[in-house]
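What follows is a group of structures, each given as structure tokens.
Look for chain A in each of the two complexes below; its partner is chain B in the first and chain C in the second.
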Partner chain A sequence: MTVGASSAATVAAAQRFQAAMPDMGASLLATQAMAAPGELLNLSLNASAVLPEAAVLLAMIATLLVDLAGEKVATRWVPPICYIGLGSSLVLLALQWNAPLEPSFLGAFLADNLAVAFRAVIALSTLLSLLISWRYAEKSGTPVGEYAAILLAATLGAMLLCGATDLVSVFISLETLSVASYLLSGYMKRDARSSEAALKYLLVGSAAAAVFLYGSSLLYGLSGSTSLDTIGLALQSSTTPLAALALVFVLATVAFKIAAVPFHQWTPDVYEGSPTPVVAFLSVGSKAAGFALALRILVGCFGAFDDQWKLLFTVLAVLSMTLGNVVALAQTSMKRMLAYSSIGQAGFVMIGMVCGTEDGFAAMVLYMAAYLFMNLGAFACIILFSIRTGSDRISDYAGLYQKDPLITLGLSLCLLSLGGIPPMLGFFGKIYLFFAGWANHQYLLVVVGLVTSVISIYYYISVIKMMVVKEPQEASDVVKAYPDVNWSLMGMQPLRVALIGCVAITAVGGILSNPLFQWANTAVAGTPLLQQAIALSSLKGLG
Partner chain B sequence: MTIATTTELICFLVLSAVVVIGALGVVLLSNIVYSAFLLGGVFTAVAGLYLLLNASFVAMAQILVYVGAINVLILFAIMLVNKREDLKAIANLTTRRAVSAGVCAGLLALLVRVVVTTPWSLPGPPAVGEEATARIGEHLFTDYLLPFEVASVLLLMAMIGAIVLARRDVLATDVVTGEVADQGLIEKARTPLLMNRAE
Partner chain C sequence: MLLSLLLLIPFLGALALILWPGSPSSARLRDVSIVLLVMQCLASFALLLPFDAADAGLQLVEQARWVRAIGLDYALALDGLSLPLVLMNGVLCLVAAISSRTIENRPRVYFALLLVISGAVNGAFLAQNLLLFFLFYELELIPLWLLIAVWGGANRAYAATKFLIVTAVSGVLILGAFLGIAFVTGTMDFSLRPILAGELGMTTQLVLMGALLIGFGIKIPLFPFHTWLPDAHTEASTPVSVLLAGVLLKLGTYGLLRFCLGLFPDAWQVAAPWLAGWAAISVLYGSLAAIAQSDMKRMVAYSSVGHMGYVLLAAAAATPLGLMGALFQMVSHGLISGVLFLVVGVVYAQTGTRDLNVLRGLLNPQRGLPLTGSLMIIGVMASAGIPGMAGFISEFLIFRGSLQPFPLATLLSMVGSGLTAVYFLLLVNRAFFGRLAIAPGEVVNPRILNRVALREQAPAIALSLGVLVLGLAPELLSNLSEAATTGLSLITGDMS
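After this line comes the complex of A and B, so read on.
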């Protein structure tokens, strides 16, 4: 009977897999098939792996409780609570660095170095996004407490997504991140643009989630397990067309999350309509989570389909770099320009993934970290500009250096770094990516990357030219009516701290980037998943 | 062929026909109320398929959640927004319909081909039957504990978000300066967008 077909495949796959790999993963299978509940309860949960997430969760609950006392109290107390929660989460993550590996929650979560690195990037991006959002949220008259709580929930989902090693955990954390992102992009509810952004994001995102669910149901049907390890083993022994179909479905969702062309259509509209601090989080935190998911599923699960997904990713990377950077040339809105540039930047990061070498993965991690600082620095500047002037049009930046040297300097440095001009942090990240790609003979990707980098430098520099070169009488009306620089309002100081911090790291980090290189290399070295993939691909290269 | 397998086959054929025809109706009918009621029919028939597979817990959950909650909610939403509005005619509607029909037919052909070419091994594992509820509970508190707990965060956050978006703030102010705020983006639109502000 056809209705029993998928469950029948389960048994077949499980038998085949057990015959092929008797020892590895057998304990996991045994865990799931075990009938007696008593034995299961004796297994160690090893729940300390999610302590950083617990800190974020506690901060979220505390934020909600404080918010009950009214908007004034919330404005005063929500920021410190969020700082404490995210700060302790970062400290706990640092303690997990290079810790002995043990799967927690009976195989639902794994805190390897890759997960720790990406979770740190996400927690830091939330911290910086929150620092730059207080004044923005207050000025627009929206409730601050709920805003912080939803952003923390998104962080929680994104962080869990980085370490999830089970399809069910992956899906639930992905949904937590996505639903929170929809809510955040529609947070300026009286603004039609914000509602439009939320609606578009919701519709496209739900379709992507449905496609992911369909793909994972096929994977479950093939392997009889939701654990990514077991699925990976099962796929090695059965390279059926069904598995290829599952690969396409899963890859489409991953591409949606990292906004790779042609799954990018939502990005410009959502970025333009969402509150700017939310865009800052979406462009860094959400993207980092997407890349972590891509590594877990594609490298971890679809090792048998290495050539296929690498080919697909090459196409996606070439399209993303080309379209993102070329269309960014024509933008008049700063947010929209950064949206297209973020599509292009995701294309650069994909080069590292396609390589599949030690350097490639390390370059990915390094570039994500560099991108965190330079992109959030740029966002801090444009948020400050829009708080003072109420505009984000590129032409309104004309002649800004006369009135506000800090924004001019910060934005210039961050945009130069995004373009990859030495000696900024972004240059070293990009050169490492291209170096890894060249060493792996990905000539097409590297050449396209180099050409599109030059294009991107053109539009980044044209913004800087707009700010710096114009004579005072050529300045835009907005700049001519520029208000006095005033940092005394509540919420301005955190913005200043975030701006100066990001810009300083972007500017100086390039020269002192050795610790970052080491950090990225340790992240790859301390991750068994990536090490296996590297060993396999080098074996392939020899044979 | 025994009477049991015949009955099962007949039930399966009837339920499948209801699912397929109902789903086509949901998509193709132009009256949204018909579509919503047909969707309820599809959900119920899918619950019937689960029962045929001896998964009574999933069948009940399907009825309670999808038919009882989600479908009723959809109907409520349709009834609350009872506004007749003549939408603008879409250009090249026939071509667009033909293209999307072609894409869907292609996807269907692909799926059918994959189902036919995949070497399924029959019969499948024996159904757990009445033990299923206990087994699901066991899983929820052992190997699926983490997703189960994260789901509660997801629901809490979705609830708060829905309230924030739906509640009516009569007067919004900047808490720090006391100025009146409009709860819109700080960057004001100066170019005409797809939608004009409804004020």
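After this line comes the complex of A and C, so read on.
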């Protein structure tokens, strides 16, 4: 039953995808027809830009095909197929790094360094999420094949979203990501909370999509084009109230995707109800795509409304940091706590975006990458804990250090990193954000960020206190009955690899973070869109 | 390379302890960490050889780029201000490891954390980059939190969390001020450079310096930011208390001298009268609060609040003599509070209580703790500033150095110094003199206390010897730092 329902939905998503394709082509041609005829000829298809996505797509199709051969075959072959697909996708992305820029699909997609960086973050987050999900899926009796296929579909959408430079391609990839995410969050359909999560996510997400479409239609009406570049140019000459309205609509969608307060209400419920590996992907991959979208649309299109969207974003960032970190204090469920913490973390990342400087954007990219490792490391630990104990309550972690030093150490390091304690990776990321914010005179944001960091230390530490400080006699019943560690079960080795990898990078990556900083700076330097925005804002600063 | 060695030995040592194969016994781990800390101690004393005391500037500079994008450099250097503190850190960390005899609960983690703290403190004293200092300053936070929270007394969770949150606030204030310094002056790197008079408006300077003052004031701690200290001390085990009072509080006073006074000389001069007043209040409050305590450890903790106030007083005066006194006070307080906490630890281990209403006659030569009592009396005398001990030298230097600029605050602080004698006499009189009794009403059949082996007293004896040596030959220390403290002072020609 599950197989049928989910596959049907996937197919529906795919059909929707295909159905939209001709529209995009038609509208593009219509747009371009208005331009000089010579320009159209210059625009080649340049399909090689989406080769990384093609690798993911092939892996997805292969996964679906293998799934037809039955659950046993799927369990055997799906993991390697996914590894190969995502691995080759990452290699192809590495090849695109710093490559000469050519718009592909008639200007609907651009593989600049920003897109490459964010797509790499997304592909890596999927890879790690998959590594930590096999055992979880096995244990919860979920069919592995379609689970992987839907997750790959979500990845595909998220990756395309990072490079999309046309309203139509933006919307299609956004919907591919969203529909796949709804399916994923409702994947444990025997669990009432999972269904609740999926329904809530679907309803709120659809509303957000509708709002985005409305905003897009306004933008199209104002500029007569769906290309983000053209819209940006058109908006510069006509800063009408209507354009401001479009800004608000588009911004609401972005805020929904990155779960910024007050568009966050779906997050705690969805995070709590969804399967944990899905939450891992949603909190990193989906969020990274949201930030890429924010950069493309707000920085790329609304240059003329610079002050307005920055003001709105400042408000969102302050609210997110405050509410996310304060409400996280009161949580008793680990997943809910991480949900609120992720809201707060998104607020920190927004500081970089509001700055709009070279350092600001680089800090954003860097923090996303750091967040990938520390958050997925934390999720790997809580998945491992819930596989062994079936519990997700913070109080059940009491006294864990004695039974499971690996989880204790890994989770402690990742949470300290999320809290920004040196010498973890998160400390360097956070310092860079505050550094960029202060350099750009965003004092309010930096001060709120500093204060809420202290608050966040409190709740991260309280988990560590549970695990480390509680003596064996104070241990929870769950921990007292902790099963022996058995790594030979199916899917345990990948989980271990992902956990140790993430924790090692989180712990050592900070001290050796110079390459990461260079990578983030190159990502910004190799992106014309951001360079323009930087030049504009520095001109403004001078004037 | 010598300075990096002071970081490498403890950090790599901590890693080695964590990765030590098998399940080594507590005694074995303690031996290994003692060897490591002896090496660190020797390395820090080896700094005396290349160190040129006549040079007020930075010496043995080590500079390497680390994370260029945020202006974080690996820049270490030594001067007359940091050298004595590094030496003291080496000695006190060794003392802490030696006196950690009874660690049966997770000894591996305990000694690793001890090593991390000693490395982080070395780093903070040597760092010549604001961010690097901040990194080391924050690095010591979690290990100390764990040391209190896991190996502490009954109410340890509360005390440890209070310590953590309050210190994290201090860290945030310091980071904010450092960011401000870097960008307001437009240097963008976080190198230490005094802010010149015309460079920055006085209001901005005062705001930045104020943030630093509160940040370090929490750490020192000064009234009214001191409330975490008595709790932390009461709950911490003896070696951790020694570290906390001897080394970690000095990060605050060091920061006060190095960053508040050193970076904002002009703003400092404006704020100095207020700071002197604050110092006097802190001294009086700490001393009066100490009188009211019945727990020996809390009393010593409040005496720390008072004695750290002297450092602020001397720093406010910023005369060469006063600053020398401030540095002297930091070192002598480190040694004296080490003695006091060790002795209190022995008393607690033997009698199971620290309550001054219960303890009586511990000095009893047959059945009490005569040697412990003698050490306590030495520590108390040194703390109260009896001539011939290090405490006298530092208090004399501080009061002599600050009397001229701030007569009233100095006189009030002198009253505080007199109060030190009052509360410590109360302590000695109640706990050590009189007839031996474990509980009130138990005088009829007094319990005989076990002899304390001499080797268990060795750390306290060594520290008391240090107190005496520095009291009789203060030039050992003052020669090292005279050039540096004179260079830091704002008023010249007051070396009479």
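Note that the second predicted complex is superposed on the first by the 502 of 543 C-alpha atoms of A that agree within 3 Å, B and C clash if a C-alpha of one lies under 4 Å from a C-alpha of the other, contacts with A are read in each partner's own complex, and residues count from 1 in each chain.
Quick note on the criterion: a residue touches a chain if its C-beta (ideal position, glycine included) is under 8 Å from a C-beta of that chain, and two chains touch if they have at least 3 such contacts.
From a predicted model like this one, the values you see are computed outputs, not experimental measurements.
Visitor: When the two structures are laid over each other on chain A, do chain B and chain C clash or fit?
Guide: fit
Visitor: If you stack the two complexes on chain A, which partner ends up touching A:454: first (chain B), second (chain C), both, or neither?
Guide: The second partner, chain C, only.
Visitor: Once chain A of both complexes is superposed, is A:373 in touch with chain B (first), chain C (second), both, or neither?
Guide: A:373 contacts neither chain B nor chain C.
Visitor: Please work out whether A:281 is in contact with chain B alone, chain C alone, both, or neither, and reply first, second, both or neither.
Guide: A:281 sits against neither chain B nor chain C.
Visitor: So in the superposed three-chain picture, is A:468 touching just chain B, just chain C, both, or none of them (first/second/both/neither)?
Guide: The answer is second: A:468 touches chain C but not chain B.
Visitor: Which partner reaches more residues of chain A, chain B or chain C?
Guide: B
Visitor: Could you tell me how near the closest CA atoms of chain B and chain C get once both structures are overlaid on the shared chain, in Å?
Guide: 27
Visitor: Could you list which residues of chain A make contact with chain B in one structure and with chain C in the other?
Guide: On chain A, the chain B and chain C contacts do not overlap at all.
Visitor: Report the residues of chain C in contact with chain A in the complex, numbered from low to high.
Guide: Within the complex, chain C touches chain A at residues 66-72, 105, 131, 135-136, 138-139, 141-142, 145-146, 149-150, 157, 160-161, 164-165, 168-169, 172, 175-176, 179-180, 182-183, 188.
Visitor: Quick one: which bits of chain B touch chain A in the complex? Just the residue numbers, please.
Guide: It is residues 12, 49, 52-53, 110-111, 113-115, 117-125, 138-139, 142-147, 150-151, 153-154, 156-158, 160-161, 164-165, 169, 172-177, 180-190, 193-198 of chain B that touch chain A.
Visitor: For chain A, which residues count as touching chain C in their complex?
Guide: 359, 362, 416, 421-423, 427-428, 431-432, 434-435, 438-439, 446-447, 450-451, 453-454, 457-458, 461, 465, 468-469, 471, 513-514, 517-518, 520-521
Visitor: Which residues of chain A touch chain B once you look at their complex with the stated criterion?
Guide: By the definition above, chain A touches chain B via 1-12, 31-32, 37, 40-41, 43, 45, 50, 57, 60, 64, 71-72, 75, 104-109, 135-136, 138-144, 146, 149-150, 153, 156-157, 160, 164, 166, 168-169, 171-173, 175-176, 179-180, 183, 186-194, 196, 240-242, 245, 273, 275-276, 335, 386-387, 390-393, 489-491.
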